[in-house]
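Each chain carries a letter (A, B, C, D and E) given by its place in the written order, and its residues are counted from 1.
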Amino acid sequence: VMPVAQVGAGSFVVPGSEAAHLGQCVEPTEQMRRNHMVFIRHQRDDTVHGGIRGTKHSLAGCVACHVAYDDRHRPIPIMADGQFCHACHAYTAVTLDCFQCHAAVPIDDPAALARYAAHGDHPVGVDGYREGEER
Amino acid sequence: MKRIIYREWRIEPGRYWGLLAILSSVVAIGGLAALYTFQQGHWITGMTNSVVWATPHVFAVFLIIAASGALNLATIGTVFGKGAYKPLGRLSGLLAVALLMGGLLVLVLDLGRPDRLIVAMTHYNFRSIFAWNIFLYTGFLILVIAYLWTMAERKGNRYMKPVGVFAMFWRLALTTGTGSIFGFLVARDAYETAILAPMFVIMSFAYGLAIFLLVLMFTFREEGRPIGGTIMRRLSSLLGLFVAAILYFTLVYHLTKVYGAQHYGLVSWILRDGGAYTAFFWFGWVLVGGLMPLGILFHPTLAGDRRWIAAACGLVVTGGLSAMVVIIIGSQAYPMPMFPGHTILESGFFDGVGGAAASYRPAVSEILLGVGGVAVALLITAVGVRVLQFLPESLADEIVDPHVQTARA
Amino acid sequence: MAKADFQVPELQPYAEIPPLQPGTMSHSKPFVAKQEFQAPLGYPGELVDGWERKAIDKMGELLGKYRSLRVYLDSCVKCGSCTDKCHYYLGTKDPNNMPVGRQDLMRKVYRRHFTLAGRLFPKLVGASDFTREVLDEWYSYFHQCSQCRRCSVFCPYGIDTAEISMAAREIMDSIGVGQKYCNEIIGKVYKIGNNLGLPGPALKDTLEGLEEDVFDDTGVSVRYPIDEEGAEILLVTPSADFFAEPHVDGLIGYGKVFHEAGVSWTLSSHASEAANFGLFIGSYDNMRRIAQRIREAAIQLKVKRIVFGECGHAWRVAYSFLNTLAGPWDFLDPRYPVPQHICEFTHDLIRQGRLRFDKSRNDDMVLTFHDSCNVARASRMGERAGGQFEIPRAIIRATCNHFFDMEEETIRDRTFCCGGGGGLLTDDLMELRVKGAMPRIQALNNVIKEKGVTHMAAICAICKSQFTKVLPYYGMEMDQIVSLHQLVSNAIILTGQETGDEEDDEEAEGVSTEAA
Amino acid sequence: MNDRDDATDTGRRRFLGAATGVAAAVLAPGVFLYTSATATPRSEAVTSATRWGMLIDTAKCADGCSACVDACDRENGLTFQPQPEGADDTRWANQQAVWIRKVRLQDDLTGRITNVPMLCQHCEHPPCVDVCPTGASFKRADGVVLVDRHTCIGCRYCMMACPYKARSFIHAKVEHQLTRAPRGKGCVESCTFCVHRLDHGDISTACADACAAEGHQAIVFGDLRDPDSDLNKALRAQPNRQIREDLKLNTGVRYAGI
Amino acid sequence: MSFLSGFYASLFYLAVVVLILGLINKTIQYARAPAPLKIPTTPAPTTRAGVVLRMAREVVFFESLFKGNKWIWIFGWIFHFGLFLVTLRHLRYFLDPVPALIAFIQPFGIYGGMAMVLGLVGLWARRVLVDRVRFITSASDHLMLLLLVMIGVSGLSMTYVVHTDIVALKNFFIGLYSFQVNPLPSDPLLLIHLFLVALLMIIFPYSKLLHAPGMFFSPSRNQVDNPREKRHVAPWADRLEQREL
């Protein structure tokens, strides 16, 4: 249950995420609150059909910036309980199926990878990811 | 002209609700099966990347073409002005709607993402036969409902003929369209042929009529309404005619495959080497769905016995499902002709190594879903005849045939 | 064809919903009751001073007494479902005869005086004061409702216009504007015991005459007793049954059935009337007073069961209200429902195979059946819902070879009223009665044309009287309406009666299996 | 909700466990290329000025090699789909997604053996696109045939229509995804010509790179419209054909040596 | 607290009080008025359970209306069913946490909204086109339809055209439970929507919308058809009897 009084603009941004250090989302926060689904849907069609990979409204971009990290700098899936997307979406009962397909952590996002590399405790890449799996 | 009186189906509440309860539970079980598949994914079914349409599609396609065929009787009555068939028009329309709904529901619930139904309704690719079929189906529903309205509402009576003619063409387009779903699949030997469309049309006549007759006889018997011998004879010989036509088309189909397209492989596979599919063809499609009903319907004594007629209808339905199994599943199981003149030794993707057919075994959930669709159709019919006036009060000879004297002789 | 100084509607092969013609029936009013007819019922003899206030007060009182009135006046959403359901609207095209139009005559006054919206914004919600014009409208149109409840079948909230016209009549009575026909008749019941004012000795005479006729006819002496103390069954039947055609043929039939059943029965001169006109004027008190007479007769004659003869609204009051108005009936035989309908009685015997019929005796008729509205929509027969439709039909099928129903939309609970119910069976409303009968007669006409029907059976004294009078306006014969028990009477084979031929036995066998 | 989080958690643990000791150097090549200074993500829509295509020289395709298949699996995360508990092994094998496969053929007359890697042929007139009811199957202006999995309803009509059996239906839940290749249950998918690479300016595919890395060089990828591309050079150099040429689909993938 | 938030907060407090007190008042009035006689429209169920079933069919399927007029039924039913779905969807603004069932049903509410408006338009058309219905229609009937259409259209515009800040909105309403006025997003559509809704709540107990509770009290529908078996006497009628004895 949400502590009612505290919920102002920007208050869903999770501490520890990149966003937490920044003052502005890709659009004004008021706009993002109302229209983020429009932006990403628009971006989606541009990307899938036109091959445009501008990152401004990309879902991968959202994840990369808004994802939170645990104490070992490991990303916490953005749709996990209480995390950025989930917090609002549970509050407003909007189910998202995006993360059935999309990575909820920035696994192979280059910027994120670079950052993990800097911390030295990152899983490093796709090959590492694959090993534990069996076909 | 004497008017035909229609009355709501008024069997005892106990029996009626019992019937509804049975149908609803079958529907519910089918629904649960669909939910389970949706939640788990299709791995729990027998379907694979080689056999992608299977048992649910057998039921769905069968129901859809039967729907179109069920409307046949209404058309004969209004468009061709055969008075004797007029009283059957309303039930014929209702069944058409009900069967179509049942079939579509199965089709939709078998989608990988049934939750995106709205996408299907808002995004159309007009080059796709399938998308056209969505229009054909919804159009069909609307048309038949309009048609029913013209039959039931006196203000609409005068539009009955034009709407009926339109509905008839639409219906033919619908079956042709359904047939073309397969007919345009150049990829597969079994399908790519123009004869599939007319064959589907004639099949639809037979299956629709068989189901119609079963429903008619059941509802009339339960409530003690009379069906005269004349109409019974006409309908059953009509059924016989359609069944014979199916057999004829089956023959032509295989001949075109052999002579026209030179697909010896496919033909000999279905006729001889196809294992279960060969059995479905000879035993189900030809014997049970063709020769046996023909034997009954043109038999000098059996043809007069209602129980035998009902049995013949049942056989036609069974045969129809078998035909669908052969057409839909069999043709996918048979390997794709990717490399003519070569034998596949190995493949990372079941390409028919050594010419082997893909295997498929239906899962219970698929069958439950299909049967659920049938139950939906029957449920709609049962509710329809109860709340609205679909069934003529009597089909006794003197009512149906205007030349016979009225009751008060 | 009977002469009329108004236009008799033309019968159509199909039912049409006519376009509105406002005001076509505003002139129709029954005679107003004078002092002499008002007083015995406890109503003022003429319009009282300050009637507007008094009427509103009365309305308030009724709103507190009848949940139906309160809920119905609030709930209507003007959906229009009922608008084409009233036979008076269909026959007269007057929008005030649409059920909701009729209700609105009262609703506008209700809204003005009893709702916030009506007090604040009368125009907006169509509210109005109770003016002289409104009172005139009330008198006119609340006497164009036969209280048949057809509208309530189709209303999503079951709003029953009959309840509203009853309340309106009660309000009007209370301010001295009563209707002569009903109030005079109620007065007669109080004074003499029945609507027609037939005194006891006259009844006795008639019944003796009947016994002779039946004996002449059949060679069996069937009894038609009256005021016999200690009989098992008290038969309460509408007084028309004592002499008028075709009613009396029904009474003959009841007697034959009782005879065959071997039970003792009696009529009562104190309660020689089944009909209860208190219902029509919406007066609980008067209805109760009339009903009490039956209790008194039952106690006095020491009977064990009460059976009602063929009458529609009488059966409504008997079935639905008698227990409330004159109960409890703990002194009667608890094995039987109180009261029973004669059809239930006959049907039970048929089911048990205790009656034998020669159906061919009714072969000169092809029958259809008119479901009387009060039986169809306000009461029941037998144990199961809908028995009121099945039981009479079962009796007809058991006694006749040729039977066809009219169109489905015009029978069973959707039946059309004969046009004469609800206290309108008076000659001063002839135009209304003829026009209001149109839908029913139209449906009848269609089965006549298509199925060769010759006669229509009914189980209501008002229907029978109304049709006898009205059929000729439509070019039909008055004797095309028959009593249901007339058919029973024709076909029944009395024990000891000379039978015509050997087939009879076989026929009777067939019948009992069919009815079972 | 909980199930899913648990699953994700275990996934992450495995992911971390496998990580230790692996150096940054083994990062998949494509990943690095994204960020390389020359390649910028595309900011304008693709046009028909290019048409991507491929030549596969079956003569060079080695027996026993599966590098291209493995590379594709890895590039697109096809391995992140664990076999559901209780699934029948053989059937599951046929229910799993395969974007590229090797088919070993024997000529009925000569007995010659050929290895044919099969993938989506990126047809110019793709039957899969024609039949798709929602338009989810589509051909990009640059000739890449894709499934827009946001509008795919999983009807599988495209699979019925594809003459090359190039498509797979996702029969079960996908446990993990890569950011560059989202995929999930209930949709149909097939080879994308590694479109994420193309859009980031990296003109390569994982399979071609892998084949080259193995030293076989059986796969050449490139622009069919560019007369100077390696692809066109290779096409000119060698007789080549399309599989099922009779259907006149004008495939983007050509084969030499069959 | 901004003026706007304060105004809407007071408006909704008022509306809720009027709605609830008004409905309680009416319900008591209906419940206390006795039904002295048995007047179910027959054929009627002979048992209590049967009556519950009959009522359920009336409420869920509008059975009588179906018998009466198919067009009104179709539009009326579409409207009410749409309204029902919309109501379920709207619960997400007022409940925290949102029950799983509501979360599941919630997306269908959008289609419910469209259905609702469609149904209303159909109903309105008949008020204009059918002479009988035009005759019985008063200004208030039109206004009621107008009100509901406007609520629906403003809502749909928020869903499709100009989105609003749902989180802040929900905060506003949740805050009202504990008498705390949180800022309400000041999008014009939302303000219109909410104002009209408050108006609807206020007139509900004073208008024909009483058909909703009225339906359950209608004696011709809710009575058991058993007068012969069970004596039914209203208190005031009973007093009449006592007086006589």
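Following the convention adopted for this analysis, contacts are C-beta pairs under 8 Å (C-beta built on N, C-alpha and C of every residue); 3 or more make two chains touch, one makes a residue touch a chain.
From a predicted model like this one, the values you see are computed outputs, not experimental measurements.
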item: Chain labels contacting subunit A and also subunit B; value: D
item: Shared chain contacts [subunit B and subunit C, defined touch]; value: none
item: Greatest separation from subunit C - chain, by CA centre; value: D
item: Farthest chain relative to subunit E (centres taken as mean CA coordinates); value: D
item: Interface with more contacting C-beta pairs, comparing B-D to A-E; value: B-D
item: Rounded Å distance between subunit A and subunit C, as computed from the means of their C-alpha atoms; value: 77
item: Chain centre separation in whole Å, for subunit E relative to subunit D (CA means); value: 56
item: Interchain centroid distance [CA atoms averaged], subunit C/subunit D, Å; value: 84
item: Approximate Å spacing (C-alpha centroids) for the pair subunit C, subunit E; value: 38
item: Interface hub residues of subunit E, defined as touching at least two other chains; value: none
item: Shared interface positions of subunit D, touching two or more other chains; value: 173, 185, 187
item: Subunit B: positions in contact with at least two other chains; value: none
item: Contact graph of the chains (line, ring, star, complete, other); value: ring
item: Cyclic ordering of chains (reference subunit B, direction subunit D); value: B, D, A, E, C
item: Residue numbers on subunit C that touch subunit E, as the complex places them; value: 17, 19-20, 22, 63-68, 70-72, 74-85, 95, 98, 100-101, 104, 115-117, 121, 123-126, 149, 152-160, 163, 284-285, 288, 319-324, 327-328, 337-339, 376-380, 383-386, 388-389, 413-414
item: Subunit D residues touching subunit B - in the complex, by the definition given at the top; value: 66, 69, 84, 87, 90-98, 101-109, 113-114, 116, 118, 127, 129-136, 151-157, 159-165, 167-173, 185-188, 243-244, 247
item: For the subunit A and subunit E complex, residues of the former touching the latter; value: 1-2, 4-5, 7, 12, 30, 33-35, 38, 88, 90-95
item: Interfacial residue positions of subunit C with respect to subunit B in the complex; value: 13-14, 366, 402, 404, 407-408, 446, 450-452
item: Subunit A - residues contacting subunit D, complex; value: 44, 46-55, 60, 63, 74, 77, 80-81, 97, 100-111, 113-114, 117, 122-135
